[in-house]
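Below: a set of structures, written as structure tokens.
Note that chain A is present in both complexes that follow, paired respectively with chain B and with chain C.
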Partner chain A sequence: MSLRSRIASETAIVLATLAAGLAVGAAVAAGFHAPPLRVMATMLTSWRSLPDVVAEYSAMLALTGAAFAVPVYAGLFNIGAEGSFQLGALVALWAALKWGGLAAPIALGVAAGALLSGLAGWLRVRLSVNEVLSTIMLNWIVYWLLLYLVATKLEDPYNPQRTLEVPRSSRLPWITIGSTQIPSTIVIAAAVLAVLWVFLRMTRWGLALRFAGANEWTSRTRGVNVGLYRVASMAVAGLLAGLAGAIHILGYSHAIDVIGGAVKGFGYNGIGVALMGRNDPLAIIPAAVLFATLLTGSSLVEPIYGVPKEAGDFIVGVIVVLLAVPEAFRLLSRLRRR
Partner chain B sequence: MEPVVELRGIVKVYPDGVRALDGVSLRLYPGRVHAVLGENGAGKTTLMRILYGEIKPTRGELLLDGRPARFRGTRDAIRRGIAMIYQHPRLVPTLTVWENVLLYFASAGVPEGEAEERLEEARRITGFDVPLDARVEDLPLGARQRAEILRSIAAGARVLILDEPTTNLTPQEFEGLARAIEGAKREGLAVAYITHRLPEVKAIADLVTVLRRGRVVASELDPRGASEEELARLMVGELPPRPSRSRGGPGDRVVLSIEGLRARGRMEVFVERLEVREGEVLGLAGVEGNGQEELVGAIVGYTPRLSGRVVVLGRVNPTPREYYRAGAAYIPGDRSKALVLHFSVAENLAFLRYAHEGPALLTFSRLARLYREVAGEYGIVAESPWAPAGSLSGGNQQKLLAASQLHMRPRFLLAVNPTRGLDVATTRYVRGLIARLADEGAGVMLVSSDLDEIIELSDRVAVISRGRITGILPAGKATPERIGLLMGGAA
Partner chain C sequence: MTPLEAAIVGVLGLNAMVTIALTAMGEVIAERSGVVNIGLEGILLASAWLAVYADIATGSWLAGYLAGLAMGAALGLMHAAIAVYARGDQIIAGVGLNLAAAGGTTLGIRAVWGNYGQSPPVASRPPAFDVLGVRVSYMVPLTFLVAILAWWLLERTEWGLRVKAVGDDPRSADALGISVERTRLAATVLGAALAGVAGAYMSIDYLGSFVKLMSAGRGFIALAAVAFSGWDVLGALLGSIVFGLGDALSTYYTTIRGSSAAAYPYRTIPYILTLLAVSATAWRARMPRALGRPYKRE
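Then we have the complex of A and B:
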């Protein structure tokens, strides 16, 4: 199929599944005796009331989505964006408290994320440890470490329910558009994804990475070090998620609460974003914006319409799953062939 | 005689607008072998996939026993007695032959209780014997194909479609296949037989239909009434001349030398001494599976070398990357293993050309330029550089693979079955390119299971048998008989 007809059919599928998801959402809302169309409209336009939240979530999900997408090109399934994100946030917060400024916290957060995922990649290539299992285990290790440090070393003595705050010198600026303000993380995320797209589609290494994932035999016979590319793809994934965590804490949340709520879920939700975006760095951006809009919207339906938050989350889940199904199918069939 | 199946006025336009068939009709008769010939991309495979229910025609109808039939998928076709054998066997590799047979019987609707009896009958008809409890992946390609034919006939096929069945067979295996087809004919099966090898047509076909660019140019010819040259001309128009070597003799520089090499893949090979000089084609003949794969892998450097030395263009025991960087190229024997069929033509080309070394930036315009250059020079026919490689006809995939390597202007070329699946004209053309490469001073090692190819191009012929070189013959002495003797292992 040519590129144009492929894009056309893909767009048709996306619109059809989106319509189906919205219909299910409307039905759920009606089930709670809320006006179905208005509920869905509120969810889809949540950026009107909470532009900064939608912008921030979009940025984070785009980066964690990319963190899932990149290893897929090398034939790996990285579930570890969650851990890399949290480790990146934790290390950036610690570095900001210690030295201030932006360079050290960002660099160290990024490096920590990259090392964590890179480790999982190395285990896979060297010792054949399945990367899905290892990244899930690493996620839990990071999570408990985070909870421990948040409540001990990093705790704010005057505000014991959270950590100390990122000092002024380490905060990323916000952008003013008219009368609204949004975090600058969105700009960083968009720029990073654009670079990633260029890398994957327009460089020799990007091509080699994609061949390494698609056909190991031909890669080896052409002198491509498949193992190295696999580890590197995981390290890049960790880098992206670690960057997300770091700029989230420096640019938006500034502190972590004792249950880690400020840094939870971005990594896992990134998987849905990557699948919705057909694993393409550029298509991941609109997918992330949609997911962020819906997530933010689901928190609005309870105060406005009395529909429970869980029902809102359910609607988000249905829409995301429907949009993600075609790509998930493709990946699974490829996994089976492996 | 009434045909079993008839395709009438078939038009096929692929989703991207390629008009692969433009009003083709074909009849298959019971007890007759109908050969379908045509140049690469003529539409042969497309026509057969329509008959097999794998894809739907844009227009045209299919008659089964004179009545219109419509297949929703291959399963429908199988149940109606139509079986297709692809070039690459499609058995489940991790299952045993027996399990594959049962799987197929399930979709054909054959009760499991009858399985053994029917297999026995099919064995009698074909004369094939395949170990039923062997795992498919442990079997050579020829045996897998025999298993596929066996199970199709056992499942009660009335129509047998063979799409280039001999590409992976040895000459001896072809004789077995011919006997099986003879048996199937006696049982009244109708056979469609696609091939690029005209001697096979003369040997087994009763009727010949020739396609060209999606149209029938000759219908139901009697092959006995037509010479090979005539058939070839019908297929491709004017034939290019046979390639000739201006045998200036090899130069002094050794481009490949092998000393005491021991390597292990599926089997172990040991090569005491082998050399290729500049300007020389060294043919490596042998029955497939006698260590060629291992030797080739050890030369390029992706199969571990246990001991000894391989020197390629001055590089001792090169890694694959060093191998290409030294100025050597490699055309692997199995294109479906070497390409990524769901990646675009341009991406496959760029990867095979540049993976070891090349421009850092491969923008779309650069890929398009590379494609135009290569497609123009080597006559690759694709809808666009961005079409998936899998949408090319088999022959065009093969050209893509060969062209990516010739484009490097290598000083040493290792080519494994470089013309497999190519039509007569393109085969001559590619052989001509290899001959020219050698005439211009490159060294070539040609590994081929096609003796004609080896004899036509080589200055010297080495023969491999059970992992050992059993003899090296100069061009004048390399007759099929002598080579055949050495292939059998006679020193």
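Then we have the complex of A and C:
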């Protein structure tokens, strides 16, 4: 298949899936006796009324999406962005409360995410432990420890519903554009993804990483240490998700609530973003903005039309299920050509 | 903890075991055929929701159980269609199922019961007996029976042999005239149907209502139990008893200390044990060799 027709077919897959997801959303709206088209229009233009939320979610989902995408290049499935994100947020919060400033919280949050995910990579390479299983286990270990620490060591004595807040010295600034303000996390995310794109496309390591995933045997015979690249790809993934968690807490949420709602779901939704962006660091960005718009928009339609905000989660879930079916799409395009 | 308290925790543990055990044993059957379903959490939620809906609508707990079973089987059919016939990605399909079910069932609470968090109590709760003042469902002894049946099915019947053949070496199985697709479809649907029964148990039997996101990770604990067991039905039952006891211990500490946070660290135990278990060489050797890989005849 030529590059152009491949891009065309990938685009067709993404657009068809998106259309199906939006149709499901419209059906849900109709089920709640709301005008489907207007509900979907409100959902898809949520950036107009909540630009800061959409910007923040876009930044987070782009980073966690990349955290899924990078190990795929090395042939691994990282389900652990959820855990790396939460650990990054937890460690950054702890460091900010202890030392203040930005350097220590960000560095430690990133390191914690990278170590966690790197551990899963190491388990895979050294002990052949399936990385899907290990990352799911690690996600839940982090989740319960997070809830434990949020309700005990980090609890705000004056507000037991959440943790102490990140001190002023550790908060990332917000950017003012005209009359709107958005968190600077979006700038960090965009810069990191641009660097990642250059790294994957234009450096020796990036090319070796992609080659190691695509042709394991050939890579080995050429003396490439495939195992090392696999561990590294997982560590980079953890770094990206850990960074997302850290800057989310320092730049946006400033605290974690007792049920962890402030840091939940970014990792899992990131998987959908990566699939929709076909694992390309640049294509992930519009996918992240789309998911962020949908998820933010679903909280908007609730007060206006009475359609519960979980409609957004449902749409994303349906989109992800559909994106799991590449063969079916290929089958469709073959039938069409006949 | 006094001996009486310990005994009560044990009984509570058996009640908690049922959901995990049925789900895990079903998943052992599916995974032995080569199909992994990480959407178990989603199946538990969806079937728990439908079971309560059917129970309240008909006033019959049996209808509730059947509805849960049907929901599980239907989602298993969907998963098998994607994993086996469309040769899609099983992990991604499972992730999507979990996301969709979490959103979908919460929508379902709102649509049917008009609030944000839970259903009213079920109209009809399955019969149960009393041990040390604790309500014990008949599903507890039944789970042990299911374990024996599932073991017999996998280890002592020709169908079980076929399931293991398509999970370990689909090419050879195909050459012997076994339909890889149909065997995997059957194993996946059967496994998911068991998870559906587990979901119905969780809502209409164990708790008596549906609560938003009530599965609280039990589908993942079942997934852990499968790996912990070394892909063995009786091992999965044993793992579920251990993890169920852990669940009951957390509940005990929550009640005694009056704070659920104190029990949170205990909740990590199933996952830590499973990570340790699969890190041992002997365990991994038992993983079905074609697990997660679609089969395509060349």
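Please note the rule applied: the second predicted complex is superposed on the first by the 289 of 338 C-alpha atoms of A that agree within 3 Å, B and C clash if a C-alpha of one lies under 4 Å from a C-alpha of the other, contacts with A are read in each partner's own complex, and residues count from 1 in each chain.
The working rule: a contact is a pair of C-beta atoms (placed from the backbone, for glycine too) under 8 Å apart; a residue touches a chain by one contact, two chains touch by 3 or more.
From a predicted model like this one, the values you see are computed outputs, not experimental measurements.
K.L.:
Just checking: does A:Asn130 make contact with chain B only, chain C only, both, or neither of them? Give me first, second, both or neither.
P.N.:
Once the two structures are laid over each other on A, A:Asn130 reaches chain C alone.
K.L.:
Quick check for you: in the superposed arrangement, does A:Leu97 touch first (chain B), second (chain C), both or neither?
P.N.:
After superposition on chain A, A:Leu97 lies in contact with neither partner.
K.L.:
Name the contact category of A:Ile13: first (chain B only), second (chain C only), both, or neither.
P.N.:
In the superposition, A:Ile13 touches no partner, neither chain B nor chain C.
K.L.:
One more residue to check, A:Val224. First (chain B), second (chain C), both or neither?
P.N.:
In the superposition, A:Val224 touches chain B alone.
K.L.:
Considering only touches as defined above, state whether A:Ile141 meets chain B (first), chain C (second), both or neither.
P.N.:
A:Ile141 contacts chain C only, not chain B.
K.L.:
With both structures fitted on chain A, tell me whether chain B or chain C touches more of chain A's residues.
P.N.:
C
K.L.:
Touching A:Ile175 in the superposition: chain B (first), chain C (second), both, neither?
P.N.:
The answer is neither, since A:Ile175 touches no partner chain.
K.L.:
Using the touch definition up top, name the residues of chain C that touch chain A in the complex.
P.N.:
Against chain A, the touching part of chain C is residues 36, 38, 78, 82, 86-93, 95-104, 106-107, 110-111, 116, 217, 220, 223-224, 227, 259-261, 264-265, 267-268, 271-272, 274-275, 278-279, 281, 284, 287, 292, 294.
K.L.:
Can you tell me which positions in chain A touch chain C when the two form their complex?
P.N.:
Those in contact with chain C are residues 28, 31-32, 77, 79, 123, 127-130, 132-134, 136-138, 140-141, 143-145, 147-148, 151-152, 268-269, 271-272, 275, 308, 310-328, 331.
K.L.:
What part of chain B is in contact with chain A in the complex they form?
P.N.:
Counting only chain B, the residues touching chain A are 15-17, 297, 300, 302, 319-324, 330, 332, 337-340, 342-343, 347, 350-352, 354-356, 358-364, 383-384, 386-388, 391.
K.L.:
Of all residues in chain A, which touch chain B in the complex?
P.N.:
Listed in rising order, the residues are 1-3, 5, 202-205, 207-208, 210-211, 214-215, 217-224.
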